[in-house]
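Naming follows writing order (A, B and C), and every chain is counted from residue 1.
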Amino acid sequence: MSEPTASGGPIIAPVGAGSTEAEGLELKVRSQWSYARDRFLRHRMAIAGLVGLVVIFGAGALCNYIAAYPLGYVDLTNVEHGPTTFGHHFFGTDTTGADELTQVLYGIRTSLEVGVFVAVVSSVFGLLVGAFAGYYRGLIDNILMRITDLVLTLPALAILLAFSSLVGQRWPSLRGNLWVLSLILAGFFWTGIARIVRGVFLSLREKEYVEAAKASGAGDLRIMFRHILPNTLGPIVVNGTLAVGGAIITESALSFLGQGITTPNVSLGALVATAQSYPEAWWLTIFPGLTIVLIVLCVNFVGDGLRDALDPTQRRVRA
Amino acid sequence: MPEPLLSITDLVVEFKTEDGVVHAVDGVSYELFPGEILGIVGESGSGKSVSTMALLGLIPQPPGRITSGTAMFQGRDLLQLKKKELQEVRGKEVAMIFQDPMTSLNPVLTIGRQLGEAIKTHFPDVKNEEVKERVVSLLDLVGVPNPEARYGQYPHEFSGGMRQRAMIAMSIANSPTLLIADEPTTALDVTIQAQVLEVMKRVMAETNAATILITHDLGIVAEMCDRVVVMYAGHIIESGDVATICRSPRHPYTIGLINSLPKLTEDEERLEPIPGAPPSLISVPPGCPFHPRCFLSQGREKCRTEVPALVPAGDGHAAACHFSEELVGYQSKYSKGAEVA
Amino acid sequence: MLTFIARRVLYTIPVMVASSFLCFVSVSYAGNPLAKLYASPILNPDIIPKIIHQNHLDVNIVERYFYWVQSLFTQKLGISLVTLQPLLPDFERTMGHTFQFVIIAETLAIILGVAVGIFSAIRQYSVFDYVFTSTSFVGFAMPTFWLALMLQLLFVYVWKWWHVRIFYTSGLNAVPGGPDWGLDRFQHLALPIITLLIISFAGYSRYMRASMLDVINSDYVRTARAKGVTERRVIMRHVFRNALIPITTFGALNVGALLGGAIITESIFQLDGMGQYFIIRLGNGDTYAVMAYLMITSVIIIAFNLIADITYGILDPRIRYE
């Protein structure tokens, strides 16, 4: 213990690491992800949504195993029966006596496939476009952004309908194909992510650590993907999740209007369409539609929770 | 001894957050006398801004809460005022200048409208032409060139320094008795800082308002203030007049603060930061808040268990340290006639 | 300000050109305009080469595009290759019907959505807030067609059980002309309007609330309060105008969704509007009608984007001086 002097600094005796006064002083080093995970888990609706999704999508994925009847089963003695426990027809039967619940389950699987495919493909494509536009700026940025704007000014549903119909006419074997339709949908959904990613790249490319990386000889691609890209993962995950819901709604609308997915796949939208001619059999309209609403509701809750968890620009309390 | 203009006693402010209760201000008391400039120094999170925002009721009440304390101003307790009474005091008798002029001014309204609003809120019967005249003369006072033209411009058309001058003008529009400046120059370039400080000095001389100047920069305090209060982790750990505090500090944190500043007039080999980091305001360690980083403490029991009270050390100087006497006779690098900063 | 507007207007022209070209090329390649013609039983096959030449179908795609644009202006929106009639009269008839209910629905959605958003933000965490935030969540999750069907089903049953016709569930009107026409039309359009209203409302109320909360916690609102401005004035003068700015962007984006919603509701409620016309023509393989529809809706969307841009410039002076 020595006295501080004016010319030199005080000799500071460090506090022993094992001493008890270290309590309250420890800086627990936690990763960004553990903070995010904690924030997500605090979001009750997000947890509810996640559970709902696991149950619903799980049922859809396993539809082959848990459905009471095989697809295509008809029973003309049991036509247009309301919901009942008899024969496990919990959602009733349709005009051919086929079990509605089975069809809904297969429809869920279709929605799952479409939603995930569109979200993943559009996110990847949007990421690439946004990254190159934001990083290189100048002419590349201009061109890419003009294209993005152009896609945004097109009447979405009409174009999708037209494309789908015309593709079906030109290449009849592809008519109603799930993957072709998903690809067309992805061709519309990438613009949102492209804008966001571009924004992040634009702001981060000026940062010092990018300059430092350049100075030590890192190439453009390396900088883009190793240094800047991780910062875009948050918004991409959020946007991608919400895109799943958007894609499912859009696909069901297209199928409802007859330009979506057709046999052998079952689409919830198509189920609603066929039910239109039989308004007395209300269960045929309500159950598939309600399923869509539940799926998208859960997806949106999860997306909201993710946004709260991953968004670093949360409103903070100013101390 | 003149009557204090503002007398804060045992102010405690808490914030409820997801991670726990943040004790932002933990029993703070100080006084402000008419015409003087009081500096509040501390790191981010020391509670310096919160203690003054509480005076004007600017702390959002969830999640914040003023748990206890009084703030006597002109015979009234500011903390107990109702909404309407508070609104009458704000901007008229007590005015505030904020840290970041870019975000503190409404981007869609002209500077003239915003400054005029300060006047019309409290004097609604004044005619618009008179208000405009007053605003233009205020802009002129703070050194905004071509004030008539600037009257109709928007904040984004002003430079950072000019925006802050406009904010200063807005705060003195109604000749307040008490002016609170919350880190007015922190968001500005160093050269602009000097200009804005000049403007503030001029304005303070003109209006003779008592001022609370909040900053983390000891240099500004030394230049502008009469007295200073040093805050750490929501507590006041030292207070006194500027010269005494800078030359003969009696608290290890103050010493650390002074030593961590580079001195421009001498050659120094290494910078000496204070080791460690400020404590979490949620789980505050028992005893003195500074003890984990304190060179004087040496792990002594008293520091670890008892919170030191602010004890007078003669001549208006007070320090909150159990072993403050051991620092008697300590002379900082600013003593011996050397210039401050 | 004027230069800002002029620049925005000029910018939209190349966008319209590019958009129309894109539509034309992709629709032309994907479908065969002549397929229906060849398949038509009443048409004399010798006439077909003449039709081909008359409609410039024998030249390359770029020239065809220019001929098509020309025909849009000179030949009443071009000739359908299926009906061999000009397209304009069809559009004149249907567009009016579409606009009637779409404009009412969107205007109501904006007014109600903004109002609810404001109150939700001011009374955050209140019952009002919880109720409407939940409503908007559900609104976001609901496909337009399903909501329309549910409403239709509801009123079909209302008629069945109580024999009271509050709203019609299909068609445009039952009463031609005359004094009761207005009420009758309203009764027919009420359900489509309610459908689109609910879907749009979800968006406006949600985004207005978020925008308000953002602004309410901002530094300049704190400054206004510190000046002693009353809370009511703070909300009206400082918060509201700033919070409205992002809504204009959302409104512009919503036009596309509205037109899509129009297609769906017109199909379900059998309204003789643009959307239903489009679906029918698409089903018939009438490529020129389809292209005319895409062109018109593109122009509408671009026009509303322009309006939103200009409104943004009015509300936010920072944008004007670029």
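By definition in this document, a residue touches a chain if its C-beta (ideal position, glycine included) is under 8 Å from a C-beta of that chain, and two chains touch if they have at least 3 such contacts.
Quick caveat: nothing in here was measured; it's all calculated off a predicted structure.
Distance from each chain's C-alpha mean to the overall C-alpha mean is smallest for A.
Ranking every chain by how far its Cα centroid lies from the centroid of chain C, the top place goes to B.
Work out the mean CA point of chain B and of chain C, and you get 54 Å between them. Spacing of chain A relative to chain C, judged by their CA centroids, is 25 angstrom.
Chain A and chain B have CA centres that are 47 Å apart. Multi-chain contact residues of chain C, defined as those touching 2 or more other chains: 217.
Across the complex, chain C is touched by residues 146, 149-150, 152-159, 161-163, 165-167, 169-170, 245, 249, 252-253, 256-259, 269, 272, 276, 279, 282, 285-286, 289, 292-294, 296-297, 300-301, 315 of chain A. Touching chain C in their complex are the following residues of chain B: 56, 58, 60, 83, 87-92, 95-96, 98, 100, 103-109, 117-118, 121-122, 154, 156-157, 167, 170. Here chain C touches chain B in the complex through residues 217-220, 222-231, 233, 237-238, 241-242, 245, 315-318, 321, going by the rule given at the top.
Residue ranges on chain C touching chain A, taken from their complex, read 15, 18-19, 22-23, 26-27, 30-32, 35, 137-138, 140-146, 149-150, 152-153, 156, 213-214, 217, 253, 256-257, 259-260, 263-264, 267-268, 278-279, 282-283, 285, 290, 293-294, 297-298, 301-302, 305.
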